[in-house]
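The same chain A turns up in both complexes below, where it pairs with chain B and then with chain C.
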Partner chain A sequence: MSSGRATRSLFDWLDARYSISPLIQFVREKEVPLGEHSMAWYFLGGATLFFFTIQIVSGVLLLMYYQPGEATSYESIRYITTQVPFGWLVRSAHCWSAHLMIASLVVHMFSTMMLKAYRPPRELTWVTGFVLFSLALGFGFSGYLLPWNELAFFATAVGTDSVKSVPLLGNWLLQVLRGGPDVTINTLYRFFALHVCILPILTVGLISVHLIFIQRQGMAPPRGERKAPRGMKFFPSFVLRDALLWLVCVTALGALALLLPYGPGIPGVEWELGHKADPLAPAFPGIKPEWYFLWIYQLLKEFPPHLFGLEGPQLCLLLVTALMTAWALVPWLDRKARRDEPSPAFSDFGVAAIFFLVFLTLKAWDIGGGGGDAQGAQLPDPRAVAWTCAWILLPLAAAVTLLRVAVFRHRWFVFSAAALLHAVLHGFAGLSYLGAGAIAAVLAGLAIGVAVMRERRAAPTMGGGP
Partner chain B sequence: MRGASLAEKAISNRWPRRRILDAMLRLSALGWLASVLYPVIRYLKPLPLQGPTGPVRLSQAEVLKIEHDKFAIVPIGRTRVLVFEDPEGELRALDAKCTHEGCTVRYVPGESLIWCPCHNGRFDLTGRVLAGPPPRPLARHTAIRDDAGSITVSVAIA
Partner chain C sequence: MRRRTLLRTLLAALAGIGAAAPPEPAPQPFVPSAALREFLEARAPSGEPIIAADQLAYFEGLPAREKQRFDAAVGLELIGAPTQLQEILSLGLRAGPLDLLLHDNCLLCHTNPEEQDAETLFSIDPEARGSPSHLQLGEFVSDVHFRKGLSCAGCHGGSPDVEGMVDEIYERWPESPARHTDRTWIPAFCARCHANPLVMRRFNPGLPTDQYAKYRESRHGQRLLDHGDSKAAQCVSCHGVHGIRDAKSPRSKVHPRQVPGTCGACHADAAHMAGYRTRDGKPLPTNQLADYEQSVHGRALLERGDLGAPACNDCHGNHAALPPEIASIAEVCRTCHAANGELFDGSEHKRAFERNGWPECAQCHGNHAIAKTADSMLNEAENSLCYACHRQHAADNPRCIETARYFYDSITTLATETASFESEVHALAERGLDDEPLSIAVEELHETLQQSRSRIHAFNRSEFDAVADRGRAVVEKSRTLIANSDAEYRFRRNGLLIAIALTGLLALLLYAKIRQIESNEPPRS
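For the complex of A and B:
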């Protein structure tokens, strides 16, 4: 019997039992909508999923040697990286892949925002994506502690301490998260359970829901068209392109893991093991969380001890929660996109969010502030840091704005202008970060108010004469 | 008889048997959920830590560390205490946990200040906030050195 006939009979055997023909038919007919925008954005979800798969595989390999415990966590990671054949490579791949996964997830989320792919009926795809993003941050945070080194210890102490600001439940949450009032080895046990069991189960479940939504509804067509004018066959055209991207990803990951096994050495993107955690040692200067938490770390520094009757960290957490909630609810807030109309304000909101995050992240790196010494006698000058970061942001923002005007024909810049004004007032005029932010927010509010009034006045005349 | 049957009918219309059964079922489902969740919630919250609450005499190694580094962080019960020697040679003790985000502070002898490197919080030698985001002063404790050079630390009850 030829191999073709054998395959055919196997298929018939399976089809008779599990009715797989409709599935094959579905894949054959499935198309990816093509429009004015670049197709590149469609592949970012797949790239994120690919890096997540690498995380699972490399994580399982690390589990073969890792032993959670006060006397074993740090030692087992050191054993993996120094004794086990290719152990350093597995750990390096796990760390690099984690950073690349978050990076592709961030770009995927912002591209979805810019393309308004959250328009009805895809609101829940956005929400599940947002929850997946939160889970990915949870993976990063919980995995950070597992080597039980100094950096991990203090980053966890700071990160978990923030939850005490949650009204009513704060203290209980803190105790549950840490397994006690302070970060101890009990915290590591809990984080280990989170990292290798609870979060993977939740993530795999939610990825399934996210993918089912995408399969049921298809990928979002370009705005203004319920159905795309033309499409690309999902199989084989799109799948082959996806496979090619995955090949590029694995090659890039391999190269990075080989050439920079402990990261590029930038604070927030490094995983040198360093010293073992000592709960009785003071925190060391220059301590920074991973790059995707740097903006929150910096924001915590910008708040004064007390404001509006609340403590600074409480107010900061409140602001972060409000921003995150607004981000999760964008499909409902963007009413124009719901009507399939252009919503330039929300495109600009996305760009402003990028400026806001970039400025805070640059500041968190203390760029231009001079080095601090081990005793803290020479701390980076915050004025110089703000000045330098504003100078870096300005040309970057100018380039982005030029691109938006020239290529995408954007004409709405209130939010991004406010984000830039914030940086300028803080960096060049020397205003406090929050003071500059308040002025920029008030001016943006006024500009939006004027725009809305003008739009309302223009609406009846646009509706036609008597 | 006729009036009674009308009243019964009115009650049965307002509270038909299915509605009552549905309400009971929902109530029992809630009860079942609570009976599952309560032990889990109690299980997750750790037991309070036990430890000495009275004065604690520091070990020889801790005393030597204070002499050498001018400060040491010592566990007294469930509190981490920063014990240090100020420029006048006086022994002081403050809570080692920064009131901002819980990092462990350090004594900077050259600057005569307590510093939290995590978010650049600065305190004076009595624990008062000098600069940075910490919202509250560091709690003060007591450290006493006896004639033999031994150091005893007592934690202030909050």
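For the complex of A and C:
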């Protein structure tokens, strides 16, 4: 019997029992819509999924040797990286892949935002994606503590401390998160359970839902077309391209793991084991969280201890919650996109969000502040930091704006201009971060008000926009 | 009202506190007398309030009992001026010492500018009031005797409860100016308590009571008591007066970090030391403090704050201070550098030094200006320690220079290797390789290096090699560790290159497959 006939009969056997033919038919007919924009954005979800798969595989391998416990966590990680064959590769790949996963997830989310792929009927795909993003941050936060080293210990102490600011439930939440009033080995136990059990179950479940949504509805076609004018065969063209990207990713991951085994050495993107955590040792200065939390860390620093009768951190958390909620509800807030009309305001909102996050992250790195030695003897100068970061953001923003005007024909810049004005007022005019933000917000509000009035008076056409 | 009480009880019960606590009696509100209020609100001729806002806040925060004491002192005119009240409040004393101060009529009266002249007025700023510097009020209320309740009357006689001066004070205290020119009475005066175990037991049972006996045997004591030389140091010269702090206090004049300055106040003062001579008749030098400050001991103590480093008294003694004789210098050094001393005792140098009457350690390392030792002391430079001495005293013995050269070569090789391995540890860590074994080896090398340098004091190759050989073995082990790590890194790098080649090939095949599929597809509308 030839191998072709054997495969055929095996397929028939399975098909008779599990009705595989419709599935095969679905895959054969499935197409990826092609529009004016680059189709590169369609691969980011796949890349994120690939890195997540690497996380699962490398995580399971680490789990074979990792032993949570006061006397074993640090030691077992050290054992993995020094004694276990290829343990160094597994740990380094796990860490690199974690950061790359979040990076590709962020780009995927912003590309979805800019391409308005959240338009009906894909609102819930956006929401599930947003929840997956939150889960990924949870993975990062819980995994950070597991090596039980000095940096992780103090960063977790600082990170969990911010929950205290949640109104009414703050102290209770802190106790739940830490398993007591302080960060102890009990905190590690619950972070371990969260990292290797609870979060993976939730994430795998939600990824399945996210993928089912995408398969049921197909990938979002370009705006203005309910069905794309042309498409690419999902199988084999798109799948093979996906596989090609994954090959590149795995090679890059291997190279990074070997050449930069402890990360690129930037605060928030490093995982050198260093010294074992000592709860009795004094916290050393300059502790910073992972890069994707830096903006919240910096925003907390910008708030004074008390403002409007509330505690500064409380107000900051309220602001962050409001921004995150607005982000999650974008499919419903963007009413024009719901009508399949251009919604340049939301494109600009996405760009403004990028400016806002980049500026805060740069500030969190104390770029241009001088001083800030390892012992924290000399603190960076906050005015100089703000000045330098504004100077970095300015050309970046100019390039993005030029690109938007020239290539994408964008004509709506209120939010991005406000974000830029915020940075300029704070960095160059020396206003406080919140003061500058308030002025920029008021001006943006006025500009939007004027725009809405004009729009109501004139014909309801608004120039350009994706 | 009842509802509010009920609510309060309920809240306390919910909080889990206070329910069982007995109700505290409500404190009686303090109402200042008109005289005290007048002082508190008094203004200077410029219109500025005399009692500053922070001092008023301090007064308000005091317990009612202390406020009442202030009121009583103002009523008795012991506090006779707003400026006096201001000075007392500006001390910011806690309730305990403030209570002692307000109980002490001597002090209250002697801080009253209305009652005292500049010669007897205690003040926060004696310079401004023209008082002598020992009438510093801030220092006095920090005095260890004052804090233990032994105030003015403890030394001067009289009673702090009595409002006026009594004859006992004049009887006990020598007449001025005799007491300023003749200081011979001071040691015995302090010894009345400090040499009496029964008295000291009441205040500080742990404090020895043999200081006076030791002092009498010291060079200072001999000069003062036997020769009537009032320039010689006595208790007050070193411990101060009216501001004596516990010796453990960093501000005490006899705290280890203050001792060089305290001794130097006399011994570095050429005018004060003029006329004093050494045993061999030379003028007593006054450069000890300057030398000590530059020495390895001085830098450790004064710059790094290392209290393990010796101050003057650790070598010379304190109450029994005497210059160490040649025979005892080595013993003084051995109290800390015992191992080097033992090695030296078994060496050929011991006999040679004895023959020449040289003071063992000090002969090579000096005394007050002991410099940090360096390997270059062993090399063959013209002015190096070993070479210069041997050229002069043992020119006929070439073995000595050979041994010094051997020590020097061995130690510098070990030191160079250690430094290179240290940088290799960082290189391994950066490449993600296991740096712990090499790091341990480097620590071992540091230890061996230190021990080798110490073993030189035996001036014997076999003694030296017993340690140096261990170091040489660690160097070999470290080289093997580095070679193994390099091999491991090469393996990883080659593995990566092979992986990249394979994945690259696979990627090329995939790309070709995609092109092939798409070129075969019919054109789509």
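One rule holds for everything that comes next: the second predicted complex is superposed on the first by the 453 of 466 C-alpha atoms of A that agree within 3 Å, B and C clash if a C-alpha of one lies under 4 Å from a C-alpha of the other, contacts with A are read in each partner's own complex, and residues count from 1 in each chain.
Please note the rule applied: a contact is a pair of C-beta atoms (placed from the backbone, for glycine too) under 8 Å apart; a residue touches a chain by one contact, two chains touch by 3 or more.
Computed from a predicted model, the values in this text were never measured in an experiment.
Once chain A of one complex is fitted onto chain A of the other, the partner contacts of A:L300 are limited to chain B, with no touch recorded for chain C.
Applying the stated contact rule after C-alpha superposition, one finds that A:L258 touches chain C and leaves chain B untouched. In the superposed model, A:P279 makes contact with chain B only, not with chain C.
Contact with chain B, but none with chain C, is seen for A:P181 once the two complexes are overlaid on the shared chain.
In the superposed model, more residues of chain A are touched by B than by the other of chain B and chain C. Applying the stated contact rule after C-alpha superposition, one finds that A:P313 touches chain B and leaves chain C untouched.
Look at A:V250: by the touch rule set out above, it reaches chain C but stays clear of chain B. In the superposition on chain A, contact of A:G143 is made with neither chain B nor chain C. Contacts of A:G129 after superposition on the shared chain: neither chain B nor chain C is touched.
In the superposition on chain A, A:S237 makes contact with chain C only, not with chain B. Across the two superposed structures, the residue set of chain A contacted by chain B and also by chain C is empty.
Residue ranges of chain A in contact with chain B, taken from their complex: 154, 157-158, 160-162, 172, 175-176, 179-182, 186, 279-287, 297, 300-306, 311-313, 375-377, 379.
Within the complex formed with chain C, the chain A residues making contact are 78, 81-83, 88-89, 92, 230-231, 233, 236-237, 240-241, 243-244, 247-248, 250-251, 254-255, 258, 261-262, 272. Across the complex, chain B meets chain A through its residues 44-46, 49, 72-75, 78, 80, 82, 96-97, 100-106, 108, 110-111, 115-120, 129, 132-136.
Residues of chain C touching chain A in their complex: 429, 431-434, 436, 492-493, 496, 499-500, 503-504, 506-507, 510-511, 513-514, 517-518, 521, 524-525.
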